[in-house]
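Okay, structure first, notes after.
Going in written order, the chains are labelled A, B and C, and every chain counts its residues from 1.
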Amino acid sequence: MAAASLAWSAAALIDKIRKRHPRIHCLTNGVAQAFTANALLALGAQPSMTNSVEEVEAFVEGADALLVNLGTLDEPGRQAMRLAIGVANRRGIPWVLDPVFVERSSGRSTFAHELIAHGPKVIRGNEVEIAHLSQGQAIDGFARALGAIVAATGTTDRLVDGNRAIGIPNGHPLMGRVTAMGCANAALIAALLTVADDPFEGCAAAMLAAGVAGEIAAEHSSGPGTFASAYLDALHGLDSGKLATRARVI
Amino acid sequence: MAAASLAWSAAALIDKIRKRHPRIHCLTNGVAQAFTANALLALGAQPSMTNSVEEVEAFVEGADALLVNLGTLDEPGRQAMRLAIGVANRRGIPWVLDPVFVERSSGRSTFAHELIAHGPKVIRGNEVEIAHLSQGQAIDGFARALGAIVAATGTTDRLVDGNRAIGIPNGHPLMGRVTAMGCANAALIAALLTVADDPFEGCAAAMLAAGVAGEIAAEHSSGPGTFASAYLDALHGLDSGKLATRARVI
Amino acid sequence: MAAASLAWSAAALIDKIRKRHPRIHCLTNGVAQAFTANALLALGAQPSMTNSVEEVEAFVEGADALLVNLGTLDEPGRQAMRLAIGVANRRGIPWVLDPVFVERSSGRSTFAHELIAHGPKVIRGNEVEIAHLSQGQAIDGFARALGAIVAATGTTDRLVDGNRAIGIPNGHPLMGRVTAMGCANAALIAALLTVADDPFEGCAAAMLAAGVAGEIAAEHSSGPGTFASAYLDALHGLDSGKLATRARVI
């Protein structure tokens, strides 16, 4: 995909989000909840966040996509994720797995693999997390074996689905100095999946949007605190001109 | 109530909060906790937030008002709310119910009605939530039947207590693009109840303060991220001049 | 310690954090999680936050320091703190206790004393919390009896270890109008302990960094909302010149 067509596609998909206000249910950790909700709202989507075992199924029933972030894994949290994924798969709504810190505990790794067996549409992690999950396998082989899109974020965000691959080098180093930036990115992917006919195109749009918003935010901030606010402003203000001017593909 | 007298009353009540620093205990969801605490601090109140069953009673014993936000409802959370309301009613301190997402799950709706039977001073929700609770009943009849003040926030915030009604059209659309803005609004109501002889006047003051702060914030921001910060600044800087200049009543 | 040598020492230690990116595991409350993580990231450290009983030991095994904030105390939370402290003590990594609201419930007070018996390197609280814990004992006698460093934050931050005492009057009143500012301060102490040969010097550096960042932030903000963002920017931008110009010791 050339940079110009990626920018054009992303702008069109973001317009759809602003018109349809899709509902994204997010199972995520306490550190990331508020920023993730604000990123979704800034883009035009409607977040919900409840993670109680008693209610999660009803919320996913009414949602257009689901985000599952490993975040803080206690037993009720794991059970809520299983229930949510069950509803998503039964209803055919896409879900995104964000395997935060999967390399830090063996229980987390085991649980991540359990969830992956249930067929996420997208797995998004940083390079360390994706390398841990793929156990050294090449990322495109890993994606092909899973039948999922794999997004590995870093200096260049890489996106593969087994057949296609794209690298998006947009972004800014301050994105690594704000908590939940990656978690929010995964939520943006979930939002874009609700409006994209081609999930790969939806993922690429989300990653471009995040990267371009980061670049714009860096020009309107003086450190990681003002950057986080400016990033939400930039997501809210994205348009085809800004995306086309800045989009890069490698 | 005319706009001028509402503004005057609100300014006087906010001054009392800044002198007395009332303690507001908040049972709220993880998405809303930090922004709610910051809104209370910006106005001059002192928030506390613990929601553990073991401790919630001791915290409510020392509080001047209580906020109960349905937020994330798991069994310990429900039990904490019951215990907190028990203490509030025994001590005669006012409590505010925020029935977030009450229309999204039947268990949530049932639980909201259970809590309402215990006599909140104020129920604050958006128009969808209030319409769900009142089951199509007119909002003033609903309030009269409950003996509570009902606040339905929207483009125009409506406040009724069965005898009186007021509409406050202050505010800004960006308030809908920041998570927890409504939750924080309910906390401001709880704070104002601690200093108002007339609870209806306290509620009206809170809604005016929120709306005017939103308008001021919109003039000092470039999107939802900087708006959230500017909103807290504006709450902190409210005075009788700003309130009188902007207050509208319909 | 003179102001100039404190500033010099703090700048050198912060440089080490920026080079080593120490891992700080934080058990803290939902109100404080995001701001605490962002303060650590702004300084150059790497936060992690999971508090599940199942995983906390694995995360502390991989951490360079541990923060234990009493925050929301439910039974799983207390158990997670016990497990985390067990690992920290076995591995010899320093841990900081932040006894938030210890004066508000008797269960909280009892639990704080249980944890203190396990030997925190530092106890950091506001003046009310430290006075409650020390039960009227002079703060330096309290520190000597515990073999811990005690930091009591207020208009002047006081730091004692039984032999040494220092007062740092840097800071700004807006720090009291932003939630989790004290919790984040305790996390900064934990980060500085990982790079300081002398823990007392590490604590003093953290308190100076926080106070100076607060002063700089106040000059770049117009209320508590923009202050919180500017504070993170200021932490990120601290250098020996800014610290030396502003450091005060009494």
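The rule is short, and it goes like this: a contact is a pair of C-beta atoms (placed from the backbone, for glycine too) under 8 Å apart; a residue touches a chain by one contact, two chains touch by 3 or more.
All values derive from a computational prediction rather than experimental measurement.
Peer 1: What topology does the chain contact graph adopt: line, ring, star, complete, or other?
Peer 2: Drawn as a graph, the chains make a fully connected set, so complete.
Peer 1: Between 0 and 180 degrees and rounded to the nearest 5, what angle rotates chain A's CA atoms onto those of chain B?
Peer 2: Fitting chain A to chain B on C-alpha atoms yields 120 degrees.
Peer 1: In angstrom, rounded to a whole number, how far apart do the mean CA points of chain A and chain C lie?
Peer 2: Chain centroid spacing, chain A to chain C, equals 32 Å.
Peer 1: What are the residues of chain C that contact at least two other chains?
Peer 2: Where chain C meets two or more other chains at a single residue, that happens at 30, 34, 228-229.
Peer 1: Could you pull out which chain A residues touch chain B in their complex?
Peer 2: Residues in contact with chain B: 30, 33-34, 37-38, 41-42, 47-55, 58-59, 62, 76, 220, 228-237.
Peer 1: Quick one: which bits of chain B touch chain A in the complex? Just the residue numbers, please.
Peer 2: Per the touch definition, chain B meets chain A at residues 29-32, 34-35, 71-75, 77, 101, 104-108, 176-180, 221-226, 228-229.
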